[in-house]
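To keep things simple, chains are lettered A, B, C, D, E, F, G and H as they appear, and every chain counts its residues starting from 1.
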Amino acid sequence: MIPGEVRALIDGVRDGSVAPQDAEARLVAALRAQPFEDLGFARVDHHRAVRQGFPEVVLGLGKTPAQIAEIAARIAARGAPLLVTRAGIDAFEAVRARVAGVAYHELARAITLPRDTPRGTRVIAIVSAGTSDLPVAEEAAVTAEVMGNDIARIYDVGVAGIHRVLAERARLESARVIVVVAGMEGALPSVVAGMVDVPVIAVPTSIGYGASFGGIAALLGMLNSCANGVAVVNIDNGFGAACMASLINHSG
Amino acid sequence: MIPGEVRALIDGVRDGSVAPQDAEARLVAALRAQPFEDLGFARVDHHRAVRQGFPEVVLGLGKTPAQIAEIAARIAARGAPLLVTRAGIDAFEAVRARVAGVAYHELARAITLPRDTPRGTRVIAIVSAGTSDLPVAEEAAVTAEVMGNDIARIYDVGVAGIHRVLAERARLESARVIVVVAGMEGALPSVVAGMVDVPVIAVPTSIGYGASFGGIAALLGMLNSCANGVAVVNIDNGFGAACMASLINHSG
Amino acid sequence: MIPGEVRALIDGVRDGSVAPQDAEARLVAALRAQPFEDLGFARVDHHRAVRQGFPEVVLGLGKTPAQIAEIAARIAARGAPLLVTRAGIDAFEAVRARVAGVAYHELARAITLPRDTPRGTRVIAIVSAGTSDLPVAEEAAVTAEVMGNDIARIYDVGVAGIHRVLAERARLESARVIVVVAGMEGALPSVVAGMVDVPVIAVPTSIGYGASFGGIAALLGMLNSCANGVAVVNIDNGFGAACMASLINHSG
Amino acid sequence: MIPGEVRALIDGVRDGSVAPQDAEARLVAALRAQPFEDLGFARVDHHRAVRQGFPEVVLGLGKTPAQIAEIAARIAARGAPLLVTRAGIDAFEAVRARVAGVAYHELARAITLPRDTPRGTRVIAIVSAGTSDLPVAEEAAVTAEVMGNDIARIYDVGVAGIHRVLAERARLESARVIVVVAGMEGALPSVVAGMVDVPVIAVPTSIGYGASFGGIAALLGMLNSCANGVAVVNIDNGFGAACMASLINHSG
Amino acid sequence: MIPGEVRALIDGVRDGSVAPQDAEARLVAALRAQPFEDLGFARVDHHRAVRQGFPEVVLGLGKTPAQIAEIAARIAARGAPLLVTRAGIDAFEAVRARVAGVAYHELARAITLPRDTPRGTRVIAIVSAGTSDLPVAEEAAVTAEVMGNDIARIYDVGVAGIHRVLAERARLESARVIVVVAGMEGALPSVVAGMVDVPVIAVPTSIGYGASFGGIAALLGMLNSCANGVAVVNIDNGFGAACMASLINHSG
Amino acid sequence: MIPGEVRALIDGVRDGSVAPQDAEARLVAALRAQPFEDLGFARVDHHRAVRQGFPEVVLGLGKTPAQIAEIAARIAARGAPLLVTRAGIDAFEAVRARVAGVAYHELARAITLPRDTPRGTRVIAIVSAGTSDLPVAEEAAVTAEVMGNDIARIYDVGVAGIHRVLAERARLESARVIVVVAGMEGALPSVVAGMVDVPVIAVPTSIGYGASFGGIAALLGMLNSCANGVAVVNIDNGFGAACMASLINHSG
Amino acid sequence: MIPGEVRALIDGVRDGSVAPQDAEARLVAALRAQPFEDLGFARVDHHRAVRQGFPEVVLGLGKTPAQIAEIAARIAARGAPLLVTRAGIDAFEAVRARVAGVAYHELARAITLPRDTPRGTRVIAIVSAGTSDLPVAEEAAVTAEVMGNDIARIYDVGVAGIHRVLAERARLESARVIVVVAGMEGALPSVVAGMVDVPVIAVPTSIGYGASFGGIAALLGMLNSCANGVAVVNIDNGFGAACMASLINHSG
Amino acid sequence: MIPGEVRALIDGVRDGSVAPQDAEARLVAALRAQPFEDLGFARVDHHRAVRQGFPEVVLGLGKTPAQIAEIAARIAARGAPLLVTRAGIDAFEAVRARVAGVAYHELARAITLPRDTPRGTRVIAIVSAGTSDLPVAEEAAVTAEVMGNDIARIYDVGVAGIHRVLAERARLESARVIVVVAGMEGALPSVVAGMVDVPVIAVPTSIGYGASFGGIAALLGMLNSCANGVAVVNIDNGFGAACMASLINHSG
């Protein structure tokens, strides 16, 4: 409720066109609005599309298939696009029984039901260092696509063979934002960010062993990047990187 | 040297308009170009503005005032805008002796010499949780300004008094990108990102004591943000956040 | 044995109503009292209800079903209320074979046998940030209930949609003590504690991935809370939070 | 503005006793209220006493003496009690020049200006393990006193001489809540909590060397306490423990 | 080869009673002695009993049952007592097929074949904090027994019920050395060491959850013990504690 | 393309022996050369042998058997020697179906197909501290052999029986480079490096328990070696140590 | 008060030789004895010599010179030997003004006033790896001497020159217990413990840089020792190692 | 004493050319040789040149100027080359007073006195990422020079401007071994190792801030390098890297 609406309501009370109890109800409601649906175990946030440009996304991690399906059904019932991340095949089966038309992306471990969504202005490049980083890169790609973006996939261009990424300069420069996915020492975002004037979102992965500590080495490498224009998301968080990239690609 | 230039050069050799030794020189140069200036202790990267939209920035940390002044003089001599971060007053004195017109920003610990720079399209909001976070917030603000952006400062709106940040919703929504600076538990970026559909760059600060571990608590909080559209830079890295924000604000 | 009893015993010896060897025996016993029952692998602490207001609770973690059942039988035989935490269904089966009337709480992984217990004075609110935090929140709820407290469950009100928790201000203010359960960045206790003048007990959960480090991120966030009136328990320790809350709710 | 006030305002508009523009102004203000005072570098939260039972406390850490004095002056000007923690003698001098009647507590490093405050119902016991823990224990004591509580100081009763704390059982049992301050292995809260049925707030201190890691050992020990009824605050956070204890001691 | 033997050899060469080539062989051998048996994958150290008072003990962790059985057979063939730690039932089966008379200790996960061994002078007390610590305590007990020591088991006397350990003062004082096994906060060694004038060897266990970090909390607690006369071994290293205790109990 | 070739091409264009379009094609190719084969999920780096003396090695970790087999087939098709590390038996079966003549090394978990390769000049000694370290030592040995080196295996010579390694001084001194593999406290590289004037490459292993933290203890021990001539690779990285050793053994 | 005394008291009451009120007083006192002296900031534990064989030792760390002097004066007044560790020269001056005859050990940073003390049975060897470890080794030596032990100092015998420690085998074997002090990789205790059958107490020091992490590398190395008969104390805790060694050297 | 010498001695005794007591003395000495000089606080290891190709180097860290000077004097008195690392100007003054001809390298913080030393076969390239890494790079350079190597310095070629290091390919390829010094994310060694077939020794530096954690980020990045032929030394350990490089450059 914005100030102009408040005045209109006041005037309506004064001239009799609005009943006092109606005015009271609307104003109290404005002070106490609960723009969500309470399922007991979850409060589905239907206002999120208004506030954030895309409906609530379901993080499958730690939820049962039944919980995921119930939340997905509520979102789909509103006609909103659906995205469930970190979802196993059993969660997909449970959702498919409730929501028609959903697709499962095995590598990305994501469930989607695309709807018409505003398109981003340019391309999001998604770059990965190694073959083992593909699941995270694909989570980013699936997320960005369902959010209305075109994607350029540039995979397996890690720094141990620097010519591979140098050969992709043109495609990197033409992107509006670049997501770089890398495990082990996580050096690729620094190299990419040094080559172009495009914002780079770095995603460390848990790929590695020993002193990679489940992605900590890559995470620290990216946080300490000596290149400008790099920001970092959580380890293996392809989804979060794609959200950030999509917001940038939709802004103007 | 792009492929079209190569063909033109070849044709010139063939028709005699280009001397063979000139063609050789230009092609060899293209294969071996060193677009930097070697000072012995530093290689000033004059190509960076071409590649990245802003000239090389000098990180003062770990450099002597004399080294800083020497590098700054080379950058200024090219007519490029100058920015030195993490610079003490002694570094500023050394630079001022070599470069006319520089300014020192005490709170931000930065030296600047602004030049004409392309303007960003909208406003960058810089938000801080507490008074103690101001040096980092100001480093971000000074950096963003010298890179050609308009800034909205929204300071001391930490989550312990949630009404303070809720009261700033309008200014937050009107920004193109938001930099959120917070120490201690680092919760503010999550709250801000949940309120608006604007990309949020989170900067953890080393403010706190005990189990804040010099900013680790805030860093981990931000990396694990349950809100969408958040990416993170290094602890106390106001400069890096502003670089990222400026790239976003200049893209279109 | 309190000083008054000592004097009575002395007087009894003097006037002949107490035999010297009896007095000796009772005094030596008082110096050496072992108010527990030794099962070889465990010493059941039957004095705990006297010292701490509730009998010994059995932590199932690391104990075999047979050990759990044996300890539970001893506690129940005294007529005391029974609570076993971190108990699987196999432990429940073993206990049920020894103790009649026990119930199993699957989400909370707890076994209970309530008895008449002094009631707490007001309500304990149990708040959770996300659906995945429910097992820990329910461990807290089941514990608090068996200890004689009324509970208000307020679930899935994490800070990414701040309006959800703001909408629950009234219920939060009416509680005597609030338990806030959150994983990932663990920011919810700070927000809740900033809204009300009620003690907040924060419970970090191991929910998250990557840099959540099994709950460390949430734990550090809560320890560094910028709000006043927050104290923290171990990761996933819903039981411990409920104990603390129950002590507060029973004090006067 | 509570719902009842809304209705009264509506009725006033209807019967003409309230001018429409006045009603509009008050309602818009209620939607936009900023219950704080903006000093540029800080927003003094004057509503906090209403929300939390005690006015905003100033954390001196990371603020300049001038900033501290300015904030202190605003708080004192409202007639509220003043507490500044982590304040050096220079901060005290700056405050004293602006606010009459303030006192400095050297060991606790705190500045206070007590005012009439509601009294807590019983005694808060503050227990310390060693002589080196006194600064933290005294920060807790000074905080609790300015918040209207009676204090029982029980110092230097660490577990290496267990008879020392056993000898204080009576004073511990008569407290409504106990703050236990300990460094090194941090074992004292477990022992105290096992002796009594009173809530225990554990404060790890940074006292120790080597593998105490600045208080991490004590912090972990307290988080893993095998006793019930223990919650923990940040390392060296005597202030936070006292806030929690005062809330408990004032509740009924 | 000691100096006296060298002189005898020299004299033998001179007077002809020792052939020069024999003297050479023995001296070269003394310089190159290899007092071990090489199995390719292992070098069984048969000299260890001479150097260290007990033959080589086999750490089962990371070895195959076949490797364990082969090493065990070589040790047993020399008539030495056998101890294999961290051994599963499959390793036991493999050893039993090669060595007659071995016993398996399920709780301790150890294989033993006792032989006549010098007896320690007094009793080793083995104290555990909780029931879940028993496997580690039993590894210590089995190890100490096979090394020729009498054991006093004092189990489940953790600090949350401090009267339980106080009741055992007499047995603790009569031991020559005490092994204290505890997980969670690891406070028990401090309390025990404060009660008696006997060396205490502290064994942290991995029992706990959340911020116990697999025994780190207990380890740090023990390393930072404020009591005198405490030394610490690795997490879950009941074997190592018993070795140390046995050396002490055998010294005179 | 080296500068001399550029001149020859120019001259050829000028004198007509080279067609302009051919010259253009070759020069553009030189600027844009992609010396790798793109499989979509992987870019096989066929230039690596030219740059690094050995073809690309396949790290099996995180790749599916099908991906491994596809990459292996491309490498073998070029006639290059093949090495796959961290490969299970299922990966071996998949490779064997595509590439004839491959061998599987079970302990080392490696797949090899040796080809003629330049021989190293001397012997690489591979030393291990314990039997449990053998898988890592064997990964090093298999790698070094396929790269054309002679190996001396010196196993189970840990520092607890220092005479075992002292007895091997001659073989250690005759090596050109020594790889030392050790878990637990990782002390063996320091002792070996102190005995000889040969470069030592230290490989920490994840063997151990408790405070070995999966190899961190050994890694830190090796990084802090007080002996000269020690460099370290990642935990369990027998492959990396062998690469480094082979480069040294081939240099002259 | 032991059981025999209780009986004597009872008999005395019965036969009239003890007045009832005297018996009451003595028995109540026995139940409530406080064998310490309360200075307000410290409780001097005069019973410690009875319980632990040596009076309370003053840890200077974190105490003011005035506090140290006050505690020292109380201990000396009882005729007990005095030891203050971690004491600067200013603390020494303060103590000397109160207690005659005290000595200051600059390298060890300790204050002592020896008295007649029972002698240990044999020699304690104190071994250090490097010259930089001497302050910790000397703290151990001074402590052990004031507690009545003979010392053998064996310094600068680190493992990088293994022949230096091998040359000291005889002195090591003749000790009853060995304290080994080492920083950096902390490998010396493993080597020493492998050479002899004497209990080894390992003291990690904070000597080192980079990945020594203030002694963590050495601490972890010692905790993971592959040799038997090693137990560890806190980083730089020469005092604690000497306490443990002295208890062992006095036992029989 | 080698076996051949033993035989010669035996033969000498037999034929009378060697007196028996002389033979005894020499053989006993060989068994007990102490090839070091004991200064009380240090044992100068004069055998090291024999064993390791270069005399003992003095690590200045943690030693007093007087201790350093004393050790340096003993080394110089033998005619050996002298190198002291981590030495301040005060240590240099102390050494200069005892040893003529020494030089001080301020940036490297090293003291040297070169002597004739065998020359390495080729060049050692020393590469640094940034200007702030120069002190560590210079420690490596000074060390390598005093050990008889030619150096190529390639400074300030970090990955954020990848063309700078690509431009140095020729000099990198002509080195026999490359030392790469980098702080922050530590990515440079991976890029360099991927360009050439030369062994790379990576040196992480403590340059950086926030999540660089004093060099941990760079260290982990280097340990997890995806390039082959990289081994790592301790943070800031330029000396250690040069030792390793010199051993390689001298081997053949």
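Just so it is clear, a residue touches a chain if its C-beta (ideal position, glycine included) is under 8 Å from a C-beta of that chain, and two chains touch if they have at least 3 such contacts.
Predicted model only: the values in this text are computed from it and were never measured.
In summary, the chains found to touch both chain A and chain E are C, D, F, H. Repeating the E-F interface with over half of its contact pairs identical by residue number, the matching pair from A-C, C-G or B-C is A-C.
The interface with the greater count of contacting C-beta pairs, when A-C is set against D-E, is D-E.
Chain geometry summary: the mean Cα position of chain F and that of chain H are 25 Å apart. Centroids built from CA atoms put chain H at 59 Å from chain C. Between the Cα centres of chain G and chain H there is a gap of 39 Å.
Chain B has residues 130, 160-161, 193-195, 210-212, 216, 219, 223-225, 228, 234-235 in contact with two or more other chains.
Of all possible chain pairings, those that touch are A-B, A-C, A-D, A-F, A-H, B-C, B-D, B-F, B-H, C-D, C-E, C-G, D-E, D-G, E-F, E-G, E-H, F-G, F-H, G-H.
If you check the complex, the residues on chain D that touch chain G are 130-132, 134, 155-157, 160-161, 163-164, 167, 207, 209-212. In the complex of the two chains, the chain C residues touching chain G come out as 1, 3, 6-7, 10-11, 13-14, 20, 23-24, 27-28, 30-31. Residues of chain F touching chain H in their complex: 51-54, 57, 121, 176-177, 194-199, 201, 219, 223-225, 228-235, 240-241, 243-244, 247-248, 251-252. Interface residues of chain C facing chain B in the complex, by the touch rule stated above, are 129-130, 158-162, 166, 184-187, 190-191, 193-195, 208, 210-213, 216-218, 220-228.
Across the interface of their complex, chain E is touched by residues 32-36, 38, 40-43, 45, 47-48, 59, 61-63, 67, 86, 204, 206, 214-216, 219, 234-237 of chain C.
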